[in-house]
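My questions will all concern the structure given below.
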Amino acid sequence: MNQQSLTYILTASCPGRSGTVDVVTRFLREFGCYITELNSFDDSLNHRFFIRAVFRVEDNDPLDQTAFCTDFAERAKAFDMEWELTASDYRPKVVIMVSKYDHCLNDLLYRYRTGNLPVDIRAIISNHPDLQSLAQWHEIPYYHFPITAATKPEQEAQVQAVLDETGCELLVLARYMQVLSHEMCVRWAGKAINIHHSLLPGFKGAKPYHQAYNKGVKLVGATAHYVSDDLDEGPIITQGMETVNHTYYPADLARKGMDVESLTLARAIQYHVEKRVFLFNDKTVVFERS
Amino acid sequence: MNQQSLTYILTASCPGRSGTVDVVTRFLREFGCYITELNSFDDSLNHRFFIRAVFRVEDNDPLDQTAFCTDFAERAKAFDMEWELTASDYRPKVVIMVSKYDHCLNDLLYRYRTGNLPVDIRAIISNHPDLQSLAQWHEIPYYHFPITAATKPEQEAQVQAVLDETGCELLVLARYMQVLSHEMCVRWAGKAINIHHSLLPGFKGAKPYHQAYNKGVKLVGATAHYVSDDLDEGPIITQGMETVNHTYYPADLARKGMDVESLTLARAIQYHVEKRVFLFNDKTVVFERS
Amino acid sequence: MNQQSLTYILTASCPGRSGTVDVVTRFLREFGCYITELNSFDDSLNHRFFIRAVFRVEDNDPLDQTAFCTDFAERAKAFDMEWELTASDYRPKVVIMVSKYDHCLNDLLYRYRTGNLPVDIRAIISNHPDLQSLAQWHEIPYYHFPITAATKPEQEAQVQAVLDETGCELLVLARYMQVLSHEMCVRWAGKAINIHHSLLPGFKGAKPYHQAYNKGVKLVGATAHYVSDDLDEGPIITQGMETVNHTYYPADLARKGMDVESLTLARAIQYHVEKRVFLFNDKTVVFERS
Amino acid sequence: MNQQSLTYILTASCPGRSGTVDVVTRFLREFGCYITELNSFDDSLNHRFFIRAVFRVEDNDPLDQTAFCTDFAERAKAFDMEWELTASDYRPKVVIMVSKYDHCLNDLLYRYRTGNLPVDIRAIISNHPDLQSLAQWHEIPYYHFPITAATKPEQEAQVQAVLDETGCELLVLARYMQVLSHEMCVRWAGKAINIHHSLLPGFKGAKPYHQAYNKGVKLVGATAHYVSDDLDEGPIITQGMETVNHTYYPADLARKGMDVESLTLARAIQYHVEKRVFLFNDKTVVFERS
């Protein structure tokens, strides 16, 4: 068993009150855990506490996760804590949804293939057939589920069936050009990441690069956010940016934006999987990494 | 006469058509001018041509500006050209308007005092008395014109009187927390620069840092733009940006934003004075400098 | 014939003297060319002039390139001008050299496949077999030429044979971990681009990320430069940068650096192909695009 | 007593071993402290542990610092911990050394005057008289101690006398163009911050902007570092960066660099005073703030 697999991440969040840090760190100490990285933040406006600890067992043995969870649950209950234990080599099952643009998909698949995206991609779903061969080369199942206004409920049922079968834990909308239904949004709240091609909340809605062109902005960017029912309004995870000037027509802005979209989406997934992101009240706390 | 004073900038703009570049460059050649930097752009969507040439007279003598203008005017007429000749050591007369925040003002005065802001600051006008001593140390006249909803027309008349007396050519709103009247906006169109503390068009209106905090954005910024009648919607000259995270409460965002506001406003003034900015149809073409 | 194919780029460089701009723009005018973008710079320290004009023929017909070149050559001679005419849809023949790292190659091939890298990739050469299948999927010939200190001359002869056969116009070293011989460097001066994984001239030589880690830098970056005989010292085309902190061990720095290496190399190739880069005295003038 | 004054920062560092986090957090809990922000890092290559906790007393009463220190010292001893307790409203006594350039000094004084630099500036020392009036306006004592190779020991004795009299805790070299003696470097190790106008370790030594110009770099920057005996080689605290191009002659680079120097130095001081910086083995760990 390699060393990497012996590292764990404990994340927790609860109302802010005395003893929140101590209940976590004391437990880790008593359970024989060696903390290598720790971050906590107590939001004094929202009265909410967030903590993330990276640790290994002191003798580098595997952790008895069941015992850990049973024991910690008891202590956490008194603080009304939401918490999670994750082995740092755990690869959550991911389904990616796309339409025709392939820059984000290609980027994610490259990182995945080279071991630089810590997920387990189980399926790619699209409302178009175009990206099937890319999926095939990477040997990932590709589902083509066309959609129209009339067939949306059926299509979403097809999608949900794949998500169920694959045991999907994280849904990634990598330039999927359809709006998810209210039901889907609720069901996947906090577990679905979208990439929007603007610095939200600027340029919500359709054709953000055309909007940006019309405004003559000198910076364009992208926003990775959790999907919410309020279109293009979900909690922001991370944002990226590029400078532009007058020589960029809308198509040029779109082309330039592709790189920042890909990077921003990949970074959001990385942060999510590394348990750096906490969601509370439509906003996030992200213990980002420089 | 030092060498610096012998450099000139010719800027011109007209409908896009054949011969626009040639009419400028051929004239400069025939007039004995040595071009050191040249930029032109023909906007194919808006059918508009823009050009900026930096030059000196070939023998390093001063330019006969009167003859230059008379002769060039004739050629420019055929192209329906708007154009301007500027000695690069010309310092336009500037009036700065402020309220209570002094970070932008302090930054501009520092650059001005050390010869790094190529303007001639003739007056500072404020609706508050707070920044008078700062103005005094820099030996710049300070006018305190209080304003209320009721006295706005009178106050603006006072302001305009100062602008007239000083021969103001560029009006800089350095965190002036009042909205200019329609009449002022029209009168100073293209000659008044404002700094807004957000990445417009995101977070228009009041308290942008509070808005940014509520949205949980991961980037904040500032936008320098020409004042227009449409509040916080004027043509964008340049924008700046900083990364932020969850540890920034609104007051922290405001504090962090001060640096980027100062830098962005100073850069916009620099670009304007160096004749790098062209205004057309509510947008700008800026031959920026990296 | 589509409109894109009807655009051309004229670049020229010569000793700085009177009339350099005019000889170019007047000729373009007389030849019936419509300039859409023009940049010139007269380097007053090095007494060198550089110009780049993007244009189309006025009636959108194709350009008579032969006549253009014959006629312009005459005028250019008087100025001792080095110049080049390029159709903007021209795709120079490119050979990419790699070793085992595939992030730059993968990025270039993605851009190439989606029409976002304006080149014609004719071959991939490597001293290792590892990246063959990636090349195959993109249907590009892959040559595996192993190299040792003893076989270097033979290997370079093999390489040069491929460059000759393919008519290679631009050689791209996409993390090729071998030093080219003096002869190769001379032969490909100004036509071979390398990506170095540091902000040159900082961290020259081997293992720059280890060097960066040891120094505890807070920024890491990459430099795309023309290959020169002086290892890691060639003329810089463009540089990219990322922030890092203490949590980045050398392997983390290397991983984080991959994205900036890929972006920086792709941008350098783009600039080179768009004729934005001029080489003079071991330095470049780059009419970059924001 | 305002709320701000009731916040404290505990920082500690020791060899990495089991229980390091717990010894700190458990003590804080037992002492009735409410942690609002916590960061720890265990450097597995250097086997060193670093922690920073921001806290207040639970009932918002002031902390009994003497008792705190006495009690914590006992626990820390077992871990061979170096530690420090700091009231977050504590303003360390600072002396600034300058020569003739005033951009960093002006920036620091502005932040100081407006309450945005959490220090207590007790004196400004210069080897030139030029910046006296700036100091005067800010009502800070200014010492003019000329220096020559021959008088260096005497001059440094004068400097040290001021540092002693003022009780200086942090020495800031804000573009002081002299090299400190070995004795001074040793004496002020970890307590003296310098700003170097390049992205160290690139362009060490004199005239870095001339060096950068000669290399044709496309990025320039500044490095704030602790002064060490090895000139321009001290541990890096933070770095800043700007893009440049061929139109920047050395004087232009220097001018452009001024802003990034000022910002980078101010940020380094802020980080130092907020106890975000740990020094170990010629490198720093900085719990930076996005």
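As written, the chain order gives the labels A, B, C and D, with residue 1 at the start of each chain.
We take it that a contact is a pair of C-beta atoms (placed from the backbone, for glycine too) under 8 Å apart; a residue touches a chain by one contact, two chains touch by 3 or more.
Note that the structure is a prediction, hence the values are computed from the model and not measured.
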Two candidates, B-D and A-D; the one with more touching C-beta pairs is A-D
Outermost chain relative to subunit A, judged by CA means, is B
Chain centres from averaged Cα atoms put subunit C and subunit D apart, in whole Å, by 41
Taking each chain's centre as the mean of its CA atoms, subunit A sits from subunit D at a distance in Å of 36
Within subunit C, the set of residues that touch 2 or more other chains is 37, 41, 44, 245, 247, 288, 290
Among line, ring, star, complete and other, the chain touch graph is complete
Per the touch rule, the subunit B residues reaching subunit C in their complex are 18-22, 25-26, 28-29, 34-42, 44, 51, 58, 288, 290
The answer for subunit A against subunit C in the complex is residues 37, 102-103, 106-107, 110, 114, 116, 137, 243-245, 247-248, 255, 258-259, 263, 289-290
The subunit D residues in contact with subunit C across the complex are 41, 43-45, 199-203, 214-219, 221, 235-239, 241, 245-247, 249, 282-286, 288
